[in-house]
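Before anything else, here's the structure in question.
Labels A, B, C and D are assigned to the chains in the order they are written; within every chain, residues are numbered from 1.
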Amino acid sequence: MAIDIYDFTGMTSAIHESLSAVLSPAATTIVEMTIIGIVFILFYALVGLFLVYAERKVCAFIQCRLGPRRVGPRGIFQTIADFIKLLMKELLMTKNADKFLFNLAPFIVIIASFMAIGAMPFAKGLHALDFDIGILYVLAVSGIGVIGILLAGWSSNNKYSLIGALRSGAQIVSYELSVGMALMTIIIFAGSMQLSEIVASQANGWWLFKGHIPAIIAFVIFMIASTAETNRGPFDLAEAESELVAGFHTEYSGIKFAFFFLAEYMNMFVVAAFGATVFLGAWMPFHISEMIPYAEYFNMGMDFIPGFIWFFGKTGMLILLMMWFKWTFPRLRIDQLLTLEWKYLLPINLVNIVITAFFVLTGFHF
Amino acid sequence: MKEIIQYFSDVFHAVKSLLTGMRVTGYYFFHHKEIVTQEYPENRATLKMFERFKGEVLMPHTESNEHKCTGCGICEMNCPNGSIEILTTFETVDGKKKKIIDKHIYHLSMCTFCGLCVKTCPSDALAFGNDFEHAVFDRQSLTKVLNKPGSTLNKEVKE
Amino acid sequence: MSDSKIQENLQKEDAYYVNMGPQHPSTHGVLRLRVGLQGEKVIHVEPHCGYIHRGIEKMCEKDTYSQIIHLTDRLDYLSANTNNEAVCLLVENALGIEVPERVKIIRTILDELTRLASHQLWWSVMGMDLGALTTFFYGLRDREKILDIFEESTGGRLLPSFNTPGGFMHDIHPNFVPRTKEFLAYFKKKLPEYNRLLTGNVIFQQRTKGIGILSKEDAIAYGVTGPSGRASGFACDVRKHHPYSAYGMVDFKEILYTEGDSFYRYVARMDEMWESMKIIEQLIDRIEDGPYTAKMKPIIKLPAGEYYQRVETTRGEFGVFVISTGDKTPYRMKFRSPNFANLSALDYMSRGFKIADMVAIMSSLDLVIPDIDR
Amino acid sequence: MSNEQLQNYIKELVPEVVFEENTQYLVAVVPTEKIYAITENLKKNASTAFDYMLSLTGVDYPDSYAVVYHLESTKHNHLIVLKAKMDKQNPKIDSVCKVWPAAELQEREVFDFFGVHFNNHPDLRRLFMDEEWQGYPLRKDYKDEINIVEL
């Protein structure tokens, strides 16, 4: 394994040691948390702005359009311009809205997506939170987001918002199950719920490849269910703009709307990063089998690509896939959405888990 | 058993139809030559438009500042919206009083581009222009006088 | 009065009313619907019209027949040329003028091009209403080619105002024929792509099949015409049953289905695009040189009497009813607009379905709001 | 049925009917109070079967208001125009909503523009204009100094 050249462990532990040399342990923790927090906020804003721009360009190319081109070269500053516009817009509220909850909702949504990012293994040693129940943690915090959506829909005092919020509730309750079940397959394979261990178990091959058919089925189900969980098309029933105007965020304007907007894109990033971690080995480079001639040279070449590039590359591919879904398919109806989950995804998933367990017992996987 | 086969064939066909759709959009994603939209036509000088495009009503003038309008008022009569007003004045030529055009007032804001004025004009004095940028800050500037100041009637036009 | 009905509906469990429109993404204009819902189920739809009512029928009473033409553009703006033609045909028939065959053929071609352009826009919007936003741009991309043909020949992209009683404003552009042929060759390749992207899509089929069923009897009773009526089995194609212009000279099929749900309304329109292309192909080489208008008096006065002219626009049967007293302006002019009749069936069709289905039903009816309000 | 047969049939049904001459289609001026009976019969009778109402038009004639019905049979492909005239003071006519549901919105339109009252209409309100609108705009004596510009 020659992947240690891009190991961040040394860097992070150096920071930790130099800090604890001058400060008390409690102060060290506080300073470290602050640094991590600031880094994540900056990261969050950057990724959010980039994803909005990327989505606009991707959908433009899919739709035979040019996309944003006016602000900056190839329009790269378009989202910043949009952000400034939204910042300066008036914040509106309906007459009998529940003021406290109405203002709280965007923060809950954004915090939920923020917390999930903390658990992502960006590169070796670049891992803010590494619980031994990492998968459970990510599932749990990404489920908080729906509370924000429900609150937004309910407190808006708008019937369209309420329909959107309730749809979203039904949707998350159903699809959370499929996401969990799909991840269960990998948990069985890897034998751990700790994200770093799952990544480490993929050093000799990604689970998508060494898990045979069960892992592929689980991956497909994970992609479908997580697209549904992020309320993106074709599962964007909660905002379904041709039916519910804008669904749960109909009444939001200005920066509060921007929060929802940003959270949607960050959720997409979280889900894609999570998928890349669990199924595609996070920062693990792509290796081919040693049986193929000259494989070791190829593998060494792959090792020279830094881990975080692998991570963002895989995440980007999955995000592209989700965008591709959104700009191709029509939206489902609420009953069809639930049918898809309870009649198709869940039974297939259950059978899949049994097959996985059988595979693991017989040691059929690599 | 039949139901189970049906179930899996449903899943298979569904996935197949979805992939067919994704192939279409994926094709366009990677083929940027198929892009059809254009940026706003900033190249006003070199922009080539269809010559019959109905942008606004104009009165073509020759180089010697001559137009063909006799001030007969047929366009005013034919306009369904009253967007044309003709003000005439009298000029004395060889001791005879003659009616000539003073101002041919055209309200662009009221025009629906039906083309009746251009079609019915007996001396072909009016034509459509290609200008498409009509946004202005003041509504007054949409009221235009079509005959240029100091212009005279083209001699070739019979009254 | 209907408030009592609304009050009665509100007594039901979980019932509430929402306003769809006048500003709503899927009403495509300023139609306002008061939709009674029980959870997500539609129990009552009540249209409120008039947000774009311009009193065109009243304006017509003050205008001469040539001036009326440009007003008919603004009714159903997506089949503007056909509306123009209806008034022109009425005047020509009332005066007993025989227009040159060249005019008839070009009118028919323009009609069918209008129909194609309108159906392309409808397809785009149908996909968009169901959440597939990409269809919007694919449809508009192809529609642009037709609009270019229109712009080159008539000067107007959407509202050509090209027909006059007796013929046309001016002659068609020399590029008209080659450009139309080029478009047909192009669109024949693109139309199967429409099917690949949307028609075959499993989500789309699930969303439209069995939704908003209208039986043949109901279609006739509500006067639902056009592709929407024909999908229910109502043979109402005016082009076929009362041919005008050059429709008697061409061979085409009246698309008839019996299912009458949203999906078959969709399929009927898709099939109609092929038929339209067939009609244009048959006629495009038959344009002969000749005058572009019949000899007309400068001031048109219809003999006293009552006249009715029906044509087939994109959305169904369009009728013009004129009462003339022998003056140069009509005494009363009434437009029988297809959308108005189609709208009246919306309540009946969407009851019992979900609100998302209602959107599908509305876009499968292909409503154009200015035509409803007039 | 040909036009003569139709003429005879309606003449038998309601003797007071007057037929206009030199018209594009067969035009029958029917007594207003019998409009519902006539239309119902014309639709139900298998030999006439006027099941498709093309249009329902309100007209303000110099001496009367009128409602003009254009009816077509999809079975026999014949077309008839019925005309019912009302006095100017109190225009009233029976609704034909029960015969053709298509008439519901069209009658509301006529009520809105001409002030013709349709008896037994399920929901007779203004359709296009505001509920509070004064006057009936398509009447010939309607005056509106602000919105209607006389050229």
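Everything that follows uses one rule, which is that contacts are C-beta pairs under 8 Å (C-beta built on N, C-alpha and C of every residue); 3 or more make two chains touch, one makes a residue touch a chain.
Computed from a predicted model, the values in this text were never measured in an experiment.
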Top of the farthest list for chain B, CA-centroid basis, is A
Centroid of chain B to centroid of chain D, CA atoms only: how many Å?
41
Measuring centre to centre with CA averages, how many angstrom lie between chain C and chain D?
25
Could you please state the distance in Å, as a whole number, between where the Cα atoms of chain A are centred and where those of chain C are centred?
45
So which bits of chain B are touching at least two other chains?
18, 21, 24-25, 36
Do you know which chain C residues sit against two or more other chains?
134, 141, 197-198, 201, 203
Name the residues of chain A that each touch 2 or more other chains.
62-65, 327-329
Touching pairs among all chains present in the structure
A-B, A-C, B-C, C-D
Touching residues on chain A, where the partner in the complex is chain C
59, 62-65, 159-160, 163, 233-234, 236-237, 240-243, 245, 327-336
Across the complex, what residues on chain D touch chain C?
22-25, 27, 51-55, 57, 59-60, 68, 70, 74, 77, 81, 100-102, 104-106, 109, 113, 123-125, 127-130, 137-138, 148, 151
Touching residues on chain C, where the partner in the complex is chain A
16, 18, 24-26, 40, 127-134, 136-138, 141, 197-198, 201, 203-204, 206-207, 354-357, 359
Which of the residues in chain B end up touching chain A in this complex?
11, 18, 21-22, 24-26, 28-29, 32, 34-39
Touching residues of chain A toward chain B in the complex: what are they?
58, 61-66, 69-70, 324-325, 327-329, 344
